[in-house]
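These are the structures in question, set out in turn.
Here chain A shows up in two complexes: once beside chain B, once beside chain C.
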Partner chain A sequence: MKTPRIDIFKEALKTGVVTKKYPFEPVEAPEGFRGKPSIDFEKCIGCEACVNICPPNALSVEIDTKRGIKRVMLFLGRCIFCGRCQDVCPTEAIKLSREFELSSLNSKDLYQIVELKMAKCKICGRYYATVRQILFTAKNVPKDQRPLLLLCDECRSKVSAKHISYARW
Partner chain B sequence: MLTSITEILNLLKKYGKVEKIHKDTYVVEISPGKVRELCEILHWKLNGHFSVTVGSDERPVNGYFGVYHVFLLDKQKLSVIVHVKVNPVTLKIPSITPIIPGANWHEREAHDFFGIFFEEHPNLERLILPYDWPEGIHPLRKDVNVRELRYKLLKKETGLVVEKKAEEEYIVPIGPYHPALHEPEYFELYVEGEKIVDARYKGFHVHRGIEKVAEERLTINQVPFIAERICGICGYTHNVAYCQAVENAARIDVPLRAKYIRSILLEIERVHSHLLWFGVLFHLLGFDTGFMMTWLVREKIMDLAEILTGNRKNYGMNLVGGVRRDINEEKIKLSLETLDYVEYKLRKILDKMLKLKEITSRTKEIGLLSREEARKLSVVGPVARASGISTDVRRYHPYAAYSELEFKVPVYDAGDVYSRALVRYDEIFESISMLKQLLKNIPKGDLTAENVKVPEYRKGLGLTEAPRGENVHLVITGRENKVYRWRPRAPSYNNVPSTLVMLKGEKLADAPAIIASIDPCFSCTDHVVVIDVRTNVKQVLRLKEIARGK
Partner chain C sequence: MSLKLFRRSLWVYHLNSGSCNGCDIEVLNIFTPYHDVERLGIKLVASPRHADVIVFTGPITRETLPKAIRAFFAVPEPKAVVAVGSCACGGGIWYDSYAVIGGIEAFYRILENYYKIRLPLTVYVPGCPPKPEAIIYGIAVLRGVLKQKQRKTYFLEKEVPALTRDFIVNLEKYMKQEGGINIGKK
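And then the complex of A and B:
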């Protein structure tokens, strides 16, 4: 009786060696691969959209209220490469790349930190938003309302409440 | 014999208030006294099958705990959820395990996590919580906060639970690491010479507490990503099941194109998962050529998934309401080419491998599971189909784009390891055929539903046919864009207990192949670790368990 063993053996011989000599030979990820995210420091406005959406808290934010600095921090050690940050970033500052080799001897290599200057509220003097964020929002706000952007949320709502009550008066 | 849907609904109405929660899915709220009677009718008389029991702490909403027994009636394409309100003081309801042995683990889990007592349960011991977990803390209750709990446990306010004595026979411990599957599990085989006379299982070493994380911290659209990580092989199916559960609860209509894309990826996942299984089986039987060759073909499927989704395994394609990425013409062409190649290769090699005497003699009539036992334990997927039960969520409770496809559900009667291989073999080619239909007929349209709003406190059931069988997610939506309760039940949860039946009377040398034949996926079954178990906790468990083997 013919045994299938010979055929299997032939097939195996025909296949030959397929293992790549990685890491001594490069392996490339295909286009559209969701690899290491990186933040473009020039483009980030510190809006925190990515921080809010990130499922595993790989992105976080820290505000230095004394010096008026906002830090957006990406820690790759927690990243699951889902790409949600890229979906929501209004300025295309954060994007996933095709890079996947993240191992490093220094854990600092796994952090990306953007430091952004904040602006003070014109009324209460509290730091409330990054300068870039205000400039970015200003583009989409009618000219006459732009001064309101120079106020923190609280003061702004007080002021606009006043406007409204005046109007009702 | 009742058969039509109206007759069944009338019957349910006799037992309590019936509410339709979404298409073909009904909740019947009944008093604890009647639960056994109704469950018996649903599982045995109507030939439905018990799927999952979900405990839930609803005290903040209605003052009660809730227990939901989910039954699927394949013939009528119905899902019936039996809801019992549990008095928060007495915490007692009758157990259904005496009539449906498959409910054993489910009820013990609800006992662990919510402190609900199931009266007349044959063995209401801890299932998931570790031995030294403090008495009286039920982690999925809404008044238990993870941070406080962690603090408490680190201070070791714990009392050890006394263990049972080991039996007389000689004990061969396998695990906590299975030699083949690299996942923590623990089997105790009691042997007389070569023959296995009894078997025990202790799992849930890798419970990750993800239900708690999801309910406490994540938003509705963050959960799909953790759901995907329930399983390291077939995660996408959990991702889909969760999204479907929420979509059903919120009555969101997913566009057809998105449904097609979901089905495409689900079938890609099935093919790679089944090929992985064949590789593992061959490897366990010492046939490494077979292992290498099937995995080589599998690699093509993995590459395809990577091109379509951006990752080999974690597709990350779903959000509630649709999918995130499109599949363009170029990718469709590439997929079809890959499938042709895979089909050609597999026909050439797998056919022959399954005829090898080395394989047949070690799988035929080994690891038997009769239809009767399979029904008792309510096993699912290829394990059920190899024991003569025709069940398949894709056929009987169609989701995604499956109602548009033509496919067969392979069923074999022998109930041995070989039949389980044959079911999977057939399914690979069915999947390839389905994939071709999907890729050729994918309609144009949107990728996500327009209006994705999730109302609070709605229930939704999400069903998928995972490579390992029926996968069920029950979701109760919560406030502020969160889930109130999410219970994923992976297929292995129902299948693992059947290995104990299969092992009895077999030779020790066949144990690995038998255990692997259900394609166990222990991490999915352990879909939760209740807390980060500290090293000393683990040691207690291991030392004791291993000491038993001395």
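And then the complex of A and C:
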């Protein structure tokens, strides 16, 4: 049976307009939407946990040995919005928001860069970790062992080996 | 820099250059009654010769590279490019695979080196896949209807406390005294 055209119009009028007016009207992303990740500069300690876990290496790290600076970089143009960085960050510095309007006309606008100062080893003078990371670790270390945190990995293992051998003899 | 080149409707040619189909479905989604970009004069065309804008999805695999170059040159000047999805923006999850070129920037490098052309205006729409609204927003930014919100952020740590033996051993005391030292506050 053929439906008369007027019936189709009636049906359409009953349904009303479903089209969203999007570019002229704001739209909220739903609850739990994984949008733009952003690094909170005040909280980041430069521990590289997020850099290790990030599947497409959207997060990367560079160490400037001359200036003693660790640079954590987030390139949104490669991020797949998986949220793994948020799960591993020990200080909850990196978080995914519900923001989805990330389009930009220049790919440089998609970068987020955090530069943190590093500390020098007290024995060999090499830069080995960020100051914030050392202080963050120090809170969970007993007081008598804290001075060992001021040494780089190699010197620390040498010094602790020395301590152990003194204790034995 | 907004686009004053196109006064009226944008005709869009959609080029799948090795995408996983996530982004293609979202591109099709913006033509459904819910989003209906045809009300803004955006129309999907079948041939690059009819198009103003070329929509790239996918990381541009080696197999599609020659075809992508041909389609790119078939679009008449002036043209614009919309890179939809993380794959097209920067290679996405496949960025270091042997089988892909690695996104629109690597594609442009090839074009610059071999064809010496001026690069078209490009809008990057990150997301894996981006929301249909995000793609519409990208096109609105391209047309200059909406302002771009995303900006590069940069932070350099200025002052750090001097790490001395006394400081690190009596950390709690110093933290209480000044309250200003930053050790990844929760």
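Heads up, the rule we're going with is that the second predicted complex is superposed on the first by the 156 of 169 C-alpha atoms of A that agree within 3 Å, B and C clash if a C-alpha of one lies under 4 Å from a C-alpha of the other, contacts with A are read in each partner's own complex, and residues count from 1 in each chain.
Assume a contact is a pair of C-beta atoms (placed from the backbone, for glycine too) under 8 Å apart; a residue touches a chain by one contact, two chains touch by 3 or more.
Worth saying up front: this structure is predicted, and the values here are computed from it rather than measured.
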Return first, second, both or neither, reflecting whether A:124 touches chain B, chain C, both chains, or no partner chain. neither
What is the contact status of A:18 with respect to chain B (first) and chain C (second): first, second, both, or neither? both
Subject >> Contacts of A:161 with chain B and chain C, given as first, second, both or neither >> reply: neither
With both complexes superposed on chain A, which partner does A:147 reach: first (chain B), second (chain C), both or neither?
second
- Message: After the superposition on A, what does A:81 contact: first (chain B), second (chain C), both or neither?
- Response: both
Q. Thinking of the overlay built on chain A, is A:7 touched by chain B (first), by chain C (second), by both, or by neither?
A. first
Chosen between chain B and chain C, the partner touching more chain A residues is C
Checklist entry - Of the two partner chains, chain B (first) and chain C (second), which one does A:32 touch, if any: first, second, both, or neither? => result first
Footprint intersection on chain A (chain B / chain C) at 18, 29, 55-56, 80-81
As the complex stands, chain B meets chain A at residues 218, 221-222, 225-226, 229, 289-290, 292-293, 296, 303, 306-307, 310-311, 314, 316, 324-325, 348-349, 351-353, 355-356
Chain B partner, complex, touching residues on chain A are 3-5, 7-9, 11-12, 15, 18, 29-34, 53, 55-56, 80-84, 87, 96
As the complex stands, chain C meets chain A at residues 1, 33-36, 39-40, 86, 89-96, 103, 105, 121-128, 130-131, 133-134, 136-138, 140-142, 145-146, 148-157, 160-161, 163, 165, 168-169, 171, 181-186
Chain A residues touching chain C in their complex are 18-20, 22-23, 27, 29, 36, 38, 41-45, 55-58, 69, 75-81, 90-93, 100-117, 119, 131-136, 138-139, 143, 146-147, 149-150
